[in-house]
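Input: structures, listed below.
Both complexes shown next keep chain A, but they swap its partner, so chain B is in the first and chain C is in the second.
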Partner chain A sequence: MWVFRRFNHTHFPQISEFRLLPQYKLKCGLEIHTQLDTRNKLFSMSTNDPFHSANNPNLHTSFFDIALPGTQPLLNYEAVLFATKLAIALNCRVNLDSQFDRKHYFYGDQPLGYQITQHFSPFASQGHLPLYRDIDGIAEINKNIHVAQLQIEQDTGKSLYKKSEQITLIDLNRSGVPLIEMVTEPDFQDLGQIRAFIKKYQNLVRHLKISTGDLETGAIRVDVNLSINDHARVELKNLPNTSSILNAIKYEYLRQVRIIEDGMANKLLSQPETRGWTGSSTVKLRGKETTIDYRYMPDMELPRIKLASDVVETVRKTMPPSPDKVLNTLISEPYRLSLKDAKILCLNSNGQGEMYNHEELQQFYLDTFHSYAYRVKEGIRANNLSKLPTNWIIHELLGDLNKLELPLSKITKVLKPKIFADFLMLIHNNEISGASGKLLLFHVLKTLKETNCDACASIDFDSLIDEFDIRTINQIDDGELEEICQGIIESIKNEKLINDIASGKKKNSIKFLVGQGMKLSQGRIKAQDFEKSFKKVLDVKW
Partner chain B sequence: MSSKAALKRIQLIPELQKKYNIFTHIENSVAEKVLPDDSNDSNAPLSHLVTGIKDNIVTYDMPTTCGSKILLDYISPFDATCVKLLRDAGALLVGKTNLDEFGMGSAGTHSHFGPVRNPLFPNENVVAGGSSSGSAAAVAAGAVDFALGTDTGGSVRLPAAYTSILGFKPSYGRISRYGVIAYAQSLDTVGILAKDLSLLRKVFRVLDKYDEKDPTSLDNELRAAISNRCIKRNTYKIGIPREFIQGSLTKELAKELTEPLSNFLKKLLQQGHELYPVSIPSTKFALPIYFTISPAEAASNLARYDGIRYGTRSEKNDLEDGTFFSSTRDAFGQVVKDRLVLGNYSLCSETFKDSYIRAQKLRVKIIDEFDSIFRFPNLLTGSEGNAYGLDLILGLTNDGLPQSIDYYNEKKISSPTNEYKNDIFVTPMSLAGLPVISFPLLKGKPLGIQIAGQYGDDSTVLDACSLLVDRDN
Partner chain C sequence: MYQNILRVGRCVRPYSSRPLIGLKFQSFNEIKEYIFKDNCCTNEYLSQSEQAKDHCLPVASRETVLKLLKLSGLPSKGADIEGIQETLNKQISFINILHDTDLDDSLDVKETRLLRRKSPPLSYQDLIAKINDGQNSDSNGSWDSTSRATMSKNGYFIIREEILNGTD
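Let's turn to the complex of A and B:
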């Protein structure tokens, strides 16, 4: 153990202390495989759902998927549509006449003995995805990552290695699932750019609704090409999540730096090789001497993918605005959201167990905002317009929904944006306090849940306010209020504190007194009124 | 046809099988399926017709072996589209016919089930031609009324010529390939073998249908466009390409041929047809093109027979001498192995451009040359057709007489290319996907004449055949 630790410290700077060294320039490119979320597989009518069918191996397999003799591929054009969307979103040139090719190699989970992919004439090329400091959190103001090409191809099956029994189980549910392989140019120079790109790419495919975008399920798989100071390129594989990707790059960077410093680069870094990530180190999988000749050939029975010249424009028109564009809209007039809040309305979560997706939330927010803004009109400064919608939707409502496990899509049938704007107006006009508003909203949501969001139900805030007797008391008799304050001062039985407040020694503690007052009045009396009254009662001079 | 005739054929089968090794599988229960003559279903277009299916076309109720050890017990869970169409039309499937393994061979000698013997020579061991050897022998021996074969580079026409029957290879894409086990699917075409042309046409009408399951099936739009352009003629402009006659004829054949061939050509002229000498220069590359493209496709298609799901597997290791599943793939016969090596060589990154790509370019050139001599347009390539062009081309099917089985066993050892040469006259039409039929020059003689038309113009080929054959016999 001691030896290991010493080894770790002296030879490898720890990954947690990682930094790039200026004299060793890192150059990276990414190869990202993305499973397309089409209904059916790329070349058969089998259901495309490899992740959820993991417990039923070989359930979604047609005769073609298991490569029975005499079967033939039939192209699923939904995959072509999805690829077109991605190509457009990545600013690529779409190839109007691309073709499928066969890539030959033996593997147990590849029943045809070859993969149908695009090699000689891929689907799209010459794209780019810009990264920005503001939006994506990279160090530079902006950085353009160039996309070399996109190709459509089929996924392999899955091998499950049972080491103890010395057998391998094969599940072909994934065999023939459509994939897009995207290859970037080696434009990445640091880890921040890589992290930002992967995140942005994940969000993009979710935004386009072409993939779940999850690394955890293998819907997205990232390989890294890396070189230092233009030595030979190393390909890193088996990187199941973002932290493996980043740690593997760090480890490999440090490994190569050490080789260069030891003067061994000519020997050890002159030939490209492929390395895998074990979780703690990279290990050589194969070098040039064992390179497979894939014997690419055009597939002789699949027709070429020929697109009419207006297809790209037609598809472009059906596409939602890009996430960057939506984000920029939200942080500008009239919304003026903070970047953090705007991202909540724009970014996809992984979709597992969430009570909303960003699109319904965004729509709900915008509709509520406009309804509210219309009614507020001139009564508010423009830069304050989004304060209530943001606080009450992004912070309060989402919190309540999570607490109640209530999906947003269900409640909006009853709690429509216009009605939510009514609610915001109650707070805007000071008819109820914020504290009462919180209770009221939670009560309304809870009732919705109990009534299963019956679409016929209506929400009458006014009568609820009366029922709970929480309407703000605007016209309170000064004498009455002073009496209440006097009562509070007496009930806390802390003469020293009271004296300190009165003398100005502990000015802030007056907030404590106000709080007691708010509690007592259940928020119906405004805090400012309480503060004024306490100061009067204590004869505060400060 | 009557139920009596069908039963008579079925009863002959065991005896014929013993003599000629026609089938890889015989369906014993088929006699029970023969419907009485007065049954309602006996009006189906092919009812009471007995047929054999080449054993590289899948059937759900009989094994499909491709004549290979590796698929010895394989039973497909589905029927090929062409098989289903035959069943629906009332045909009686008596069994699966023997073949050169995976369709690779031109003599019918490379089957795991042993060579097929030619029924034209009942007392000798003469090859029946390949690779649809069993289908040709079944028809020639009278075991069936017609048989299905596949023609990748002559595999229907050559055995038809050797057994003196009709062998029709339609245009590529006319008959569905769904369920046809691929050898080289840019060339693979289902064909029909029969003695009687009107029967052959009846079978073709049943099979000549678009199939959405086959991505290379000729679609209905093109079918309609082609038939709109078809013109029925009584006399034809027929070209005789010098490349199909010159050179490689053996002396004995040339001597034997001269008289009947010139008689046949004289008859054509008497019938009012016009004959023209033509040249299709690129067809002299047809053999090398064919033996580059087809093994490359085969190497790819046969990659799936990996020992995990087919054949047997080494107990020790899947990887031997750096090769995956070498013991499994040892189950392939020598011809298949040769072609897999050849095909993989053509696909290697270093040789790909010089072999495979060059062959594809030359293949396009052959198609262009065919387009330039035919009057009928090629609706696939967009060629409008030559207004002064030909309706048909005519040539020999075989450049030699069928040899003894022993001859192939000996020759095989010296060089596989000796056998490749048999395909010299039949591969050009395969490369261009043309419709072509081979018919016997003389009844009962193993000499075939083939006539081919432009792509899609199958009806002209069949119409012409009925004029030429019927008047000749």
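Let's turn to the complex of A and C:
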């Protein structure tokens, strides 16, 4: 029998070339803990800033956070507001009468001896987050991931193990930081869906301004529940980033497939267990025999969270449109942005070291677009309207800001959307070439940086164009231009190249000649004029 | 029954959105007086149970005590097992009394709190007012928390390995 099983073994791919095997169906659910970015902690007035205070252990610890006897929790209702926003964004049913419960377990970084969470009556349930092929890059046209529940709870402190000294150092800065635990239904069937969901969820909490959404700092922590062909579920923990999450799933999938193929599933996959990720493999942390009895009980020191029915609707009205809705607006009339460009205006980065946030960039783009569109009016086809604003804001301006390390919020004090639209009109009207435009924009931004974006300063593009003598020469004598082209052809001394261009063998190389012309004329003569003239000089027939 | 309600009533605290810290104790005697003042009278229950029929309760086995110590994260080495068995019996008797206590069925168990019961639902305005009220407080409650600890290192609290041994 053993020989027979081995003989029929499936070929297992390596993790690096992982693929799901059709006869082994993967089923996954996620449990995501999200630290809420409230000003204070969940049950005390301590500052909620565990990441930035990492070098100052126990700096933000009030009496309650270190569980001094006699202290009692005081609910921070900002966490309730944030949880309501997330529940609405995830299309959940908000429980207008939820409660806090105590989950008992003993650990050094849990000074109370229990965690305050919501076990019996969580804050929200029955939600969903839709994923789309177009927007989220999943394989299916769309897929709904159902959200089982959201619960508000407190974070623990942090333990630093000093094995050699036989001690554990405890930092309680994180103790009592508000968390939302979100549990999804086991709806995920492949890695693409999991990757897309985490990314979308991360962006959502940033968009709602309820969390920094960073996996790296632990502001979002993801546990995975996984089963194959309906065998017992395995919970994967200690997954610090997206690649750990995906690699741990791949490893665990292959491990379980091997167990099933070896006929050991009844023995090894019949009971749920918890496994940790070491960076290269999953290891058993807990099985059924060591399941903890958490002795849940209602927390009698905290009131129930009772909300009137108006709360959900009023909070909904204060919320920004969803990222999906904004994306759809931007790829539709009149903007018609590509999905890639629209995402740059909608997706939030982690905000560390960035020169802009998506909100200010989006606003700057929209204001500039409308100002430009108003001035262009009928002079352009509708589907070309976004070409200049997109190229010059998303590609050129952002590149320059990164190069100069200049925040967008600073330059917009002077370079307002209306003024940027003036600049776009110079290019639209061919008053300066694109190449000159790039130099001019960089010069303006550099000057802004040097003057510390003095709000009183003004930008006079016309004077600068004259000063640098970069105004496009619109009416150039054909003969004169052909003479310039002839000079360029002679100067590059590459007969073969010239012949290949003339014969049509290397059509694209004419761009090289045009580039030389642009360089020589400092961008004042249009590229199209150069191309036309080169073709005439070389007697190009193609 | 009436007495029970009164006892519980004394434990109920008001609940506001601002942290409350009581007045500073002025002397050691004041602290002693505060700590030894019976509020919930658990001793009364315990002594009641001693007099009651619960003397015949079976004593928890040594193994059970060791298991409970492990579950509670307490060291078993050098533990006074007999003493713990005696305390456990008292506690079980106490729980038995709680089980036998008449309950007022008109009370909603969902509302059981050491707080004012039946608080009205919060409207959106109430919710925002509570958030603003909480954030206007001058104090952030932080203090040099490790200064009062017997052991600390570079601002960290310290847990010795032997306490963690045998816990999950």
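Note that the second predicted complex is superposed on the first by the 500 of 542 C-alpha atoms of A that agree within 3 Å, B and C clash if a C-alpha of one lies under 4 Å from a C-alpha of the other, contacts with A are read in each partner's own complex, and residues count from 1 in each chain.
Keep this in mind: a contact is a pair of C-beta atoms (placed from the backbone, for glycine too) under 8 Å apart; a residue touches a chain by one contact, two chains touch by 3 or more.
Keep in mind that what you see is a predicted model, and the values were worked out from it rather than measured.
Look at chain A after the overlay: chain B and chain C clash there. Of the two partner chains, chain B is the only one that A:A67 touches; chain C does not reach it.
In the superposition on chain A, contact is made by A:L112 with chain B only, not with chain C. In the superposition on chain A, A:M45 contacts chain C only, with no contact to chain B. When both complexes are overlaid on chain A, the residue A:R102 reaches chain B alone and has no touch with chain C.
Touch counts on chain A: comparing chain C and chain B, the chain ahead is C. In the overlay built on the shared chain, the residue A:P303 is in contact with chain B and with chain C.
Within the superposed three-chain model, A:V283 lies out of touch with both chain B and chain C [touch as defined at top]. In the superposition on chain A, A:L160 makes contact with chain C only, not with chain B. In the superposition on chain A, A:Y77 contacts chain C only, with no contact to chain B. Of the stretches 146-154, 200-208, 254-262 or 344-352 listed for chain B, only 146-154 runs into chain C once the two complexes are overlaid on chain A. Residues 63, 66, 72, 74, 106, 108, 170, 293, 300-303 of chain A touch chain B in one complex and chain C in the other. Residues 57-58, 64, 66, 71, 74, 76-78, 80, 177-182, 184-186, 212-216, 296-297, 299-300, 302-306, 308-309, 324-325, 344, 347-349, 352, 356 of chain B are the ones touching chain A in the complex.
Chain C meets chain A in the complex at residues 13, 15-19, 21, 71-73, 110-116, 119-124, 126-128, 130-131, 134-135, 137, 139-143, 145-146, 153-164, 167-168. Residues 39-40, 44-47, 56-66, 72, 74, 76-78, 80-81, 96-97, 99, 105-108, 159-160, 166-172, 286, 290, 292-293, 298, 300-304, 306-308, 310-311, 314-315 of chain A are the ones touching chain C in the complex. On the chain A side of its complex with chain B, the touching residues are 63, 66-75, 102, 104, 106, 108, 111-114, 170, 293-297, 300-303.
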